[in-house]
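To keep things clear, I will list the structure first and then write my remarks on it.
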């Protein structure tokens, strides 16, 4: 497998606070890659830098062989990087279908400015809505949706961008068990052309989905490996499961 | 929030909107005016920066009308007051109201030159004459524009020769950067230089301060003091004049004699400046202390009514009343805008508190200018006439 | 544990568990410290909590356990008055505080250590402590509601600035630093100190060790154990029961804001390692 | 409702639109016959209100739809007015030539200044636009050859067509201004209802999401700012048509402030509301203000207070309130009832309650 | 040396003028920056204080103190009125607040002019402060010099109150996180009202002290409002030191600036403000230009590398 995304020595500091500290990371084509680590480890910062929502202090990001470190977010999106947000991010005044339409706007072969083109895009958007289980809510306003449904809509918008790399920021946070099952099903059904980089606290989801796990700690990747390797790694247990150690020794 | 309150709020909101609509609809077509009565529109600033000047103008004009029992040449006079506001656009709207709704025969007043520029095309379209008692800009068409006041460049021109002769050395010149201010300063500078005077400012050109908005003159005054000026000539009016005069007396320039267009120390401005204005020389076409019967009568009547001395703004508006009175009296037949305009054209000398004057070719007064100095006059400071300077106008 | 011995030594307020009930006096003596009945609450019209019943006796330490999004924070916010319940009732020591604004609830005797600490970024540590102490001891009641709250106040152990600095010496070291300049652990200590200075009878803790380095989490953990031992009534929200091991004597599981199942003490003993458990369940999925 | 694009796609029956169109038609007819109903001065005021309303439309597009509150929309307005004055004085008096020229000048001006303005948000954007407006007015004072300086510039009357009759009569001017204003406002409303409105709503409500979905947000905003500049430029051209005079003081920041307040009064996302707000302001200042000369500011102040307390959603909200009142009283007219309560709020000029983000259970940091 | 001599007075005056502007803007800094209320009636409260100074002041120290007390009290009252008026629209955002406070400003301004008259007023100053003093061979108004002292005192006091005192801590905490302040048992609304009352007192007091320099007239309110807004926004909302620096910068721009660049004088104030906003705005144009410059630099480097 070739590398789709290569992050080299990436640093992001806010004043004296270093959120990400010379981090290296590679994501392979079609990867199912999870980023875990305690809060403040720099997971979301890394995701924001890859998506272009935030700009790095130093370092380099290469995507599909091109340097995108300073590329603007909409360019990266058109290059094939889609993302969801930690807080499900939708356009509240627009309808559910319109939200997905906005996601597909620059990624669909049909012309969105023509009525016929829009109709074709809308058909595809409906299909995406069906996969995330939002069928029947197309004409509801996104702002009216429950938290869980907004999360699924956020995912649908990202999928509508036909990404080669999908960045998911805690997609399971705040979801009910039933929602998580749907989410896992959607993620499993993703084509192998799509690489997924997942930030997640819910280890059930990570264990069920990821083939590669990177543990981030204090802004640096600690170790990368399969879920089993990660679990066995003593350094990981110290850093990430340290809280449990407290409980055991108490 | 309770349901009742919400409903009441909504109801109130709808009532407001409905009322607005009804009010618009209620502005139905009006009927014609009474033939015996002549309506005159008085357009002066009653809000904003120039409100103080506007009140002086209003008092002057109304004093004339009252003194003549609301009758000019046997015709009953009805004065409709409108607010000139600050922006010329607002003045235009108010003037339009006077012409189109109140159907006035003539418009009187208007303090700002820009406002005159804004309203004269509309007045010309409707053939309504303007008897201006304030600023006067450059106009292409003055067929129906008459000014009882002054041309902006005359003020400075009247004193320039005197300053040249009196002051032994270069003179610093400073004024506000708007058209009226530039005209005032240009009037002085041109005549002064022509008479062989030397401008002290660096580059030999007068200093213009940003307008509006300049309230701090110290840096400019410091510069003028540095330039080695033996005297300063300036034009400011209103609150800028107050700031200028007070700061002048506290600056490096405080010992340099100050000459000015009379607006610097006129009316309420002088009262606000207090002692700082003492000894300032100024040039104007009027001073309340002028010794002539018309002025004695004017000053005492004004003083009795308003407990203060009249100033040039009040005097010019008083004269506007005088002009209209004479014109309407001279009309033989129906008093129309056209007739008033024609009658004004035929007026000769007008007896006035400033001394007799008459309209020149550019429809503004051919009049005397006086040198005045701020000196104590009893308890208060007043502009005391020192000498006559020149008669200007064409 | 030397840590704990150290705490027990320097904190004079520590008392045996048996004295808890006696320590928490005031209010209606028979009423439980916290009594929640069929509580419904949420944000922007959407409900997060659906009919929660919960009782916390005086001196009790109750853990609210549940995954992210289960409604733990909403529950704590509802008790503190930061969220207005859409249904049900909340009583603190017999006083009905349902729908009361947060400053009134605080005056009745509650303090919250919120999720994410929420220290004031522009205030120094010293100002935090001064402000909290002033708010805790020198509060004046201007309004009838405030006077009523003062009458209903349940007294907790009284804390002074000196006490909290003795308990959390690191705050003394950093007293001139702004809240925004502190590390996560220090912020957590500051948030705890800020709450304690209100001398509350009921302390609400929302994921107090979240996102902290293990050593710091350990330290916080020790502190909480000390406080619990002193007889403070505590409601503590946590994603995993293991994290409140040795602190809570009771736990409630919250999922999707719907079912709150009370469990007996000692449930944490059977709590498996987080990752192993997750893997087991994942294996069953596959 | 203008963002409900999918509804357009679905081609569902739109009773609401029918009712709206009917109401709109009534208003347009009323405006067309207004010269027969009112006296000349009121007609002049109505002309003034239409021009000011069109300026407010430009402000509304930026404030309500793009989320950029602006205090500088007088700048392209001034550019449009001075361009028109320049054309008129160079014997290009035909309105049909002046309007596109003024629109182009306003748009060009906005495109240049927009590069700076569209990066800022909130109060900073407000102050930056204020700076743009004030600097433009200052330039108008200084650049005398083009602007006539502080005394302003007067022009002869315009014509509609090259070689046509001069626009002289107040009725003719009113009708000309009315038609232009309606056309421009209509085009604006259509654009905002088109997919472009949806894109703008997305930018306004969730910039990051739009960027992440591949939308060049800055370009959208610059385009909108330019479009608003064109609208304001046209408004400036119309100012020259009826006033035939402009001075730097007529394009000062108080006009900007009034235009912004007209939009707030009318409902920030309603094109018709912008006109309603502008009309209320002109009516209050120049009609009510004449009852007590010199106290127009007092009347305006009272209007603003009334508007804040009684029209929480602007004048456009009143129509909606009437609808829901009718709803509550059982007067259910199919076409008058919005399909969902929230949908009605979103499209009709409601400002969403600010500062009330929905906190998530998941950790907020 | 000559140059220095020529620019000494403008430079000093810039500081003095900046201090004056700081005092004038202090009330708005507090109301807007810490109280969250975009108070467009701020200038009107200043004008009220200035008129009170003109009315009460008679050139004696006692009357000056009395005027200060009355002005501050009147300002405080208007701050309380403002707090009550704003409460119903508190959640509706800045635009509605602007509409409301602008309405109040218009009504208040009309009432002020109706009551005090439209004439410029003379403001009597105690004899000792009336004239000018000589500094390095230049004349400088004594009152302004004294004002620098008072303003420095006020800046120090304000800094202490807002940054050091517990009450100030409560105000800043309320700006940071009103919910957590409420959780401490303090009503954010009480803090908010108190903030506006103090802000009003500051504005009224500034009017009394500033009256001899910015004379009360119908335009005073607008001028003061605009300046204050510029200073508060440029100085970052609510920061006392930021407002002080912004005020001195504006002061220097209007004194030293007009001397150094007389041709640009009319553009200086707003031009400088625009540039300041661009420079300090985090989301502004500069970070993006920096990023683009970096892209270009990277490409240039790549090209060079390819060529070598």
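General remarks:
The first chain written gets the first letter, and so on, giving A, B, C, D and E; residue counts start at 1 in each chain.
The definition used in the following text is that contacts are C-beta pairs under 8 Å (C-beta built on N, C-alpha and C of every residue); 3 or more make two chains touch, one makes a residue touch a chain.
All of these numbers come straight from a predicted model, not from anything done at the bench.
When the interfaces A-C and A-D are ranked by C-beta pairs in contact, the top one is A-D.
The most distant chain from chain C, with centres taken as the mean of CA atoms, is B.
Chain centres computed from CA atoms place A at the largest separation from chain E. Centre-to-centre separation of chain C and chain D, using mean CA positions: 52 Å.
Mean C-alpha position of chain A lies 41 Å from that of chain D.
With each centre defined as the average position of its C-alpha atoms, the distance from chain B to chain D rounds to 37 Å. Residue positions of chain D with contacts to 2 or more other chains are 138, 141, 295, 297, 309, 312, 356, 358, 360-363, 365.
With touch defined as above, residues shared between interfaces to two or more other chains in chain A number as follows: 39-40, 147, 173-174. Among the residues of chain C, those touching two or more other chains are numbered 46, 68-69, 210-211.
Taken together, the chain D residues at the contact with chain E in this complex read 63, 69, 115-116, 119-124, 127-128, 130-132, 134-135, 138-139, 141-142, 253, 257, 260-261, 264-265, 268, 295, 297-298, 300-305, 307-309, 312, 351, 353-356. Residues 6, 9-10, 13, 17, 110, 113, 117-122, 124, 131-132, 138-144, 214-215, 217-220, 223, 254-256, 258-259, 262, 265-266, 269 of chain E are the ones that touch chain B when the two sit in their complex.
Partner chain D is touched in their complex by these residues of chain E: 38, 88-89, 91-96, 98-100, 102-111, 114, 226, 229-230, 233-234, 237, 266-267, 270-271, 273-274, 277-278, 281, 283-285, 288. Partner chain A is touched in their complex by these residues of chain D: 3-7, 9-10, 195, 198-199, 201-202, 205-206, 208-217, 340, 342-343, 346-347, 352, 358, 360-363, 365. Interface residues of chain E facing chain C in the complex, by the touch rule stated above, are 166, 169-170, 172-173, 175-177, 179-188, 190.
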